[in-house]
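Okay, so chain A shows up in both of these, paired with chain B first and chain C after.
Right, the complex of A and B next:
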């Protein structure tokens, strides 16, 4: 069952004398929906995901934080201090550090997740094969994980999370090493999770997330600059030209506006064009 | 000065070809954009350039040196590459030492100047005393490019240099590429980021399952939709929209 993610006025410093990595961040992601957190590097996106999955509280005991957090029925003050997997699954930005390094094949690497959780069942192998197929890496099933390309490794890291069927799935810049075909396939996978898992994606670009997200949050220097629907974001994206690569999209929106009744209709046209496969 | 690939073949295991019959030339001052699906052999091609991998067939000449007969250390005088994952590359205790490594080891007479120029071009002056692993991933990627730039080598090859970079570093990369091209460096870039790199490319090399399916000008690639689709790729949505709306892409 998908979990609601609620973050209330969460602030975080890695140490007492360090600046705030996150400042008064609030977020409400309804169960089964998808939220995209957009922002430049250093905005605090990864810090927020690490807070949600529990590794921030666990690895930074000297940190200073305030606020509140809720994931599903569990409330935290302010953040989880133990790793939340498998309720919450996180695919790291750098997929190489996510793999175990002790398994010889792609299939075994994914099975390793279930073995660690003590939930390996008789049909596990079939489920692994199905997920690899969904991700378009089934032909690599018997390859050693260390021989995969960057994009293939990223998909394998995602498979190790999906196999545990998390209630919330956090994807940290999932497309940074993917080709256009793999990116399209990942979009389909995230769409298919709608209703089944709550998904939070971080991204430095807009192209992948806009057609998927129910909600867009723009984070910059630890603060929320914007929170709203993708449509509202499209209409205001010129405000974020310094922090996001939206210039080209703004140009396209204005070109649509030339043949539309108003900017609002142009935003609908752009949203529609983005959603096309 | 040129890079010459002559009917190059490569396989990690004898029965599984990774690259088959690849031929191309690249001179200094030019920019070759290497495209292909994940697993098409792009990163392998880069590792062949500086002799980390040796061709299993054909030959590669870099500035007249056969990569099969020369070590990576000696080829570094002519070509430096960066890896997709900065962790595969960075090892020094500070950003400055990382950047100093190549020009010092290559005994460049103007090593100090090359280091300062790379620090300045890549806007890493303030980070110079920091440990590379204390930098965010995006800055670590910029650092890998900076250490290649400081080598003074005429050819530079970058593997997915813009992956994971945000607007700020993309603008920086834009500036860096412009400057490197103006200085007559030969650049080979593996990337999925057509929007950023296609306008710079003097030619594009397209791989599909280890085979060269296209080698030509970016204009031709954009004109014929089938070329990209034939390699299992497609234009990013923004470029597709711009094209449909008659807006300039290059």
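Right, the complex of A and C next:
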């Protein structure tokens, strides 16, 4: 069951004398929806994801923070102190480090997560086969994880998290090491998660997230510059030229129009945006 | 010949006990046996080409280490007869013997642990530690360390290429290499730390530290020590006790 993610006026410093990595960040992601957090490097995107998954509070006991956080039924003031596994899953920016390195095949690598959950082998095998099929990597089942391509490794990294059936799935810049074809495939996979898990994606580019997101948040220097629907974001995209690479936004708008479920809405948006000076 | 990991580890322990407690005339043949075993005994053969190459390189360097230790001790440690003099430097018998003993001890320790790791796949070793019920935190630290060592050659090569591209004379003569050592070490250490943190984080978010007692890996813990492991452990204990007794009687 997907969980609602609620962050209220969350501020965070890595140490008492350090600048604020996040400042009064608020976020409300309804269950089963997708939220894209966009921003340049150093904006605080990864810090926010680490806070949600529970490793920020665990790894930085001397940090200074305030605000409140709620994931599903669990409330924190402000930070979870333990890793939120399996309720929250995080796929790191570099998919290669997501792999344990102690399993010889793709199947075993995914099984490793279930072993951590203490799930019996017979049931686990069936679940792994299902998830690999869903992500289109079932033909790689017996291959060593280290021999996979970037796109395949990204899907395997995703499988290692999805197998635990997280209520919320956090993807940290999932396309940073992918080519166009692999990005498109990943987009389809994330789209298929709609309703099953609450998805939060961080990205420095808008192309990947825009067609997927129900909500866009622009983060810059730890502050929320914008939070709203993709439609609102598109119509105000020119405001973020200094923060995001949106100068090619005509192309982005076209892609949005092509991949939107509601073509008439996309066309409407495109028309409106084009009409703007 | 098949050896389970418990027996292999017990054998390493026995060799370590021998290296620390026995005299050089036992340690040197043991060293030779360890090296020969790596080539002849299937259980000690390297599992990868990289492991094989690492072991051969180590053997090559160990000859240099042995010669260096023996020579330095022979020159710097006066005592016993002067074996010969070269360019005004006197080579003493006692120093030479001390150098050989120290080098044999160090090499025996290193070779035994190296043979163990090149002949044991990392996944098998980690699974073994988990099955033996070692705390997850400790297994995580070991795993990250072994990963770091496993990927070190590739990482060094990448740093070399990057520094070379910036014009650093990393593959020139010994002097230039020494000068550019800092420019290689800093990125090497930094990138290794960053990757270790990320990998540790990834394992944590996959629930590695929250591994429950009923985990399929943990269930297999209750295995008895096999006979060979038991013999090797008793032998290690016996040698150590004999050494202790000899030391007590001598004092």
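The rule is simple: the second predicted complex is superposed on the first by the 246 of 277 C-alpha atoms of A that agree within 3 Å, B and C clash if a C-alpha of one lies under 4 Å from a C-alpha of the other, contacts with A are read in each partner's own complex, and residues count from 1 in each chain.
Throughout what follows, a residue touches a chain if its C-beta (ideal position, glycine included) is under 8 Å from a C-beta of that chain, and two chains touch if they have at least 3 such contacts.
Everything numeric here is computed off the predicted structure, so don't read it as measured data.
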| item | value |
| --- | --- |
| Three-chain arrangement built on chain A, chain B and chain C clash or fit | clash |
| Partner chain in contact with A:85 - chain B first, chain C second, else both or neither | second |
| Touching partner for A:129 - first (chain B), second (chain C), both, neither | neither |
| Touched partner set for A:28, first chain B, second chain C, both or neither | neither |
| Partner chain(s) touched by A:242 [first = chain B, second = chain C, both, neither] | first |
| Touched partner set for A:138, first chain B, second chain C, both or neither | neither |
| Contacts of A:8 with chain B and chain C, given as first, second, both or neither | neither |
| Touching partner for A:94 - first (chain B), second (chain C), both, neither | both |
| Touching both chain B and chain C, residues of chain A | 94, 97 |
| Chain B to chain A touching residues, read off their complex | 12, 36-39, 42-43, 84-85, 87, 136-139, 160, 163-170, 192, 195, 232-238, 241-242, 245, 247 |
| Residues of chain A that touch chain B when the two form their complex | 39-43, 93-94, 96-97, 140, 147-152, 155, 173, 176-182, 184, 204, 207, 242-245, 248-249, 251-252, 255-256, 270, 273-274 |
| Contacting residues of chain A [partner chain C, same complex] | 50, 53, 55, 58-59, 83, 85-86, 89-90, 92, 94, 97-104, 108, 112-113, 115-121, 124, 160-161, 164 |
| Contact footprint of chain A on chain C as seen in their complex | 121-123, 126-127, 143, 147, 150, 195, 198-199, 201-217 |
